[in-house]
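In the two complexes that follow, chain A is the common piece, with chain B as its partner first and chain C second.
For the complex of A and B:
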């Protein structure tokens, strides 16, 4: 709904000025010694009323226009394709580290290395620019989750949050359990309008206690959330999730987390990324999958009515000038 | 008759100008602020007087930041950061305040002491980091740094606790929040935000070089002396804040502004003239005798 508001409502206190033309009749009188014998000037009287009315109207219009009338932003419901994505980005110090790659066999000079955080930001920025009609929430996490912004379509602001995650170094430790619960919480009390996903970007695993596991499982299922885990590989010795199950010797935190996610009973997919291309691929895959009908609201900018009022005032004052000219003519 | 109706004609001309006047691009003062909140535990102390109630130092800081956000002219930019222990984490880099007002306001409301990733607070180090971060955000970026100035663990007397900032030509405002009477610092809170315990004298690091019994680091008050010293060293304005609306006055000054060419709507000038002319025409005069 759009409501009418004023930029400077206190200016409306000047509205009584519009009464001036109605009370200043005396000044226009022309003295005649005796008027009783004159025929009643009906048309002249009507013209005077019109004149007063137009003058009052012009003053009123001007005052209202100066007060800056505008409708507030209104929302139009639209149905498009997309998803509500709660982005959960690891902001711990390890993400500031560079991605390590195996030394190339032909001993090429090593190209400029990207930080893991830099990779993640590039890929997520790409997603924002490709799908501005998606709703995103952004939460950074280290040992505590930090909600940067609740679900919004203001991609410019989301971008500012992503940019910020590349400034300085993050805190050392991580607590992924709290972070996941915070990302899930972003969906609580929101009407279900389309597909929902948590997009977790991290370079590490986590040990989750039993209570946290239950809460995460319950929250994910209750809110019907799919989970995407972009695992930014730390180096050559990181586990290969494709082999999980065949190679029982791997027992790292990452694998444990992966297995927990797999058994949540929700849609889950893991991506292992270590460069811009693989990161981009992962995000593009997520984008193509989270493409169901989504009800969203398009914001219509508030309308500024002052121009219309100024034009109306111009017309009424032109009419005033015309009447003034006519009256002078008849008085000659 | 003619001399009176000349006002009508003038008013008509002014309105013609008003209707056809396009916004004019002019250089206007705007402000870019990266605003940092100290979210360490002492900021939870409720000793800021707002109206007839006491609110926490962090809540007072957020209220002042919101007031500033509402007063900044369009074209200005604002970003948020938080600070605790010895580290500043930037939450959002500066964005334009009118286009992104809703996002900025919602993001500000999410800032809380629950974001605290560690205890302790090295105010000087945090200030230094926020200056360094602002320096990397472009030369128009100034800082606003909300803190009570409580260093935990305490500094040795004479220590500034802040690395040199000479290399970074960043200006801005340090905003001191909190009361002047030392009060207990909350240690734990329950799920509803109710304080369940306070720091005791034996649990905190006391001043290393103070005589026994002379150091009360378990109590906290606004450290005006320390903060104004940091302000002098880093060439920042120090504002001891007693009410939320002080910040906008202190921060929106020409020394912290920069000029930006923005389209300015000047239709109000001819419109006011038209209104004035009409009022003059219809001003009640003395009735003729």
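For the complex of A and C:
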């Protein structure tokens, strides 16, 4: 599966150097006038072979190590639980606004006001920490969609992306159509390895033109994507989706969007989240629904074997040094 | 180089030699010597200086008699020296240097006795380019030593017994005393046969071995050696058994060489720790009359 490759294969041309210790032992051997009266000694002969072999091995190992052997990049098929979730997070200026809460009752303590963005981030972070085996992609959108993280199961990476979305203020405009298309596009040319979902986090609706609607519908159906819309309510006056019927014609953007999603012919669910608790609840629901077994391929980087070879060469060199320490250099 | 005052040894020959040149050795020639042989008639030996009056008076035939003495003669000493690659081995002093010291002492000693010395080197062939014909004079030894020391082996191959045979043929009948200076690192099988031409001479083998080749080193354990002039190599792990075996093999070789010369009633002179002229003198004293 992982073929062996070399960083600098031409250095392997030096490999015949490893034969040098086998060819000539002249340097190691002391000229002697009359070997006939020396006893034949098997262990000495074996040790000499070992010496030659080790020397050849050392040179060979060094040459191979210098050539930089590495296994080529490989894909490992893995089966995990969890979904491929493309998170689509609204990063427009409105998301920097504070969450509107109902008027506090007397017994309720004053809560720290939180931005909608912060709320969304907290909830998403929770999702990440709960289901690290899911594979996520993160796209922020405002005027144009911005791909932050491609599909990965590296939650640290995603968390960093989420944290980054909390910095500064977003632009005023929101182009949800482009964002949805971008999120759908992220699934294109990916093998279907498990349940797919787009998690749209936004605080407002959008008017989508006919062309975009058709593209979104096609894309959603083609890629078998389920859609979760986490609607961060802007205020008391925002419409309540639960009360909206399919036949109700509404002129608010949110309702129109909701109805469009509902008629896409895919699995669609909307959550109206207005604080951490409800947001968390929404995320938990998604989590439970998109928890099917998932087959995916993990890319393994090539392993560099040269270090191992260098260490081996060091060991054989040490063995050579040991033999050299007991070896006569001269008869004098 | 050794101090020439001490580098001298005394050699003697058993029996008589035959040489026309007066010298220090007993010979069969008659002449101005001290050894009485017989009386001869004055008419036959007209040397009135040697007239023996007492013998003449008691002679029945009333002849004048002169004493006939044996004259002491000089001889030619030959040194057949192995200059092959294996002679260039040695820890403190290589074997060729030992041989050169011997030659120097030989030249000096022979010069003192009035003998001539010739040098016949060989390695894988007889080295005519290095050989020196018999010469008189005390400085001969020094020249021979220099020739031997400055020689280069003609090939890395070991000394050849055929070459030794050539050398022996060239000195046979001319030299009364022949030294064979070598480490004898060649097959001994034919040695007895090729020594036959020297039947009338005294052959003294000087077997030069370096101490490092006859005694296993005791500093380290692993020894890799290669036969000089060949690719044959041996690797030894020097256990006590291997050391013993090594020493036993050397002893066996010593015995084998001694056996060859024992047939000629000659003991080899062993050198393994530098040339000592005194011990060579003692060798001649002890083994020769």
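Details
The definition used in the following text is that the second predicted complex is superposed on the first by the 218 of 332 C-alpha atoms of A that agree within 3 Å, B and C clash if a C-alpha of one lies under 4 Å from a C-alpha of the other, contacts with A are read in each partner's own complex, and residues count from 1 in each chain.
Convention: a residue touches a chain if its C-beta (ideal position, glycine included) is under 8 Å from a C-beta of that chain, and two chains touch if they have at least 3 such contacts.
Nothing here was measured: the structure is a model prediction, and the numbers come from that model.
For chain A, the partner with contacts to more residues, out of chain B and chain C, is B.
With both structures placed on the common chain, the touch criterion links A:177 to neither chain B nor chain C.
Contacts of A:34 after superposition: chain C is touched, whereas chain B is not reached. When the two structures are aligned on the shared chain, A:204 is found in touch with neither chain B nor chain C.
In the superposition on chain A, no contact is made by A:219 with either chain B or chain C.
Legend: residue contacts after superposition of the two complexes on their common chain; A:144 is shown touching chain B, with no touch to chain C. In the superposed pair of complexes, A:20 makes contact with chain B only, with no contact to chain C. Contact with neither chain B nor chain C is seen for A:69 once the two complexes are overlaid on the shared chain. In the superposition on chain A, contact is made by A:328 with both chain B and chain C. Applying the stated contact rule after C-alpha superposition, one finds that A:45 touches chain C and leaves chain B untouched.
With the contact threshold set out at the top, residues 26, 29, 31, 327-328, 331 of chain A are in contact with chain B in one structure and with chain C in the other.
On the side of chain B, the complex with chain A involves touching residues 1-2, 4-5, 8-9, 11-12, 15-16, 18-19, 79, 81-82, 87-95, 99-100, 102-104, 106-107, 110, 114-118, 129, 132-133, 136-137, 267-268, 271-272, 274-275, 278-279, 281-285, 287-288. The touching residues of chain A, counted against chain B in their complex, run 14, 17, 20-21, 23-24, 26-27, 29, 31, 55, 58-59, 62-63, 65-66, 91, 140, 142-144, 146-150, 152, 154, 156-158, 160-161, 163-165, 167-171, 173, 306-307, 310-311, 313-314, 317-318, 320-321, 324, 327-328, 331. Within the complex formed with chain C, the chain A residues making contact are 25-26, 28-41, 43-45, 47-48, 323, 326-328, 331-332. The residues of chain C lying in touch with chain A in their complex are 85-87, 89, 91-92, 95, 183, 185, 210, 212-213, 217, 219-228, 232-239, 242, 245-246, 249-250, 252-253.
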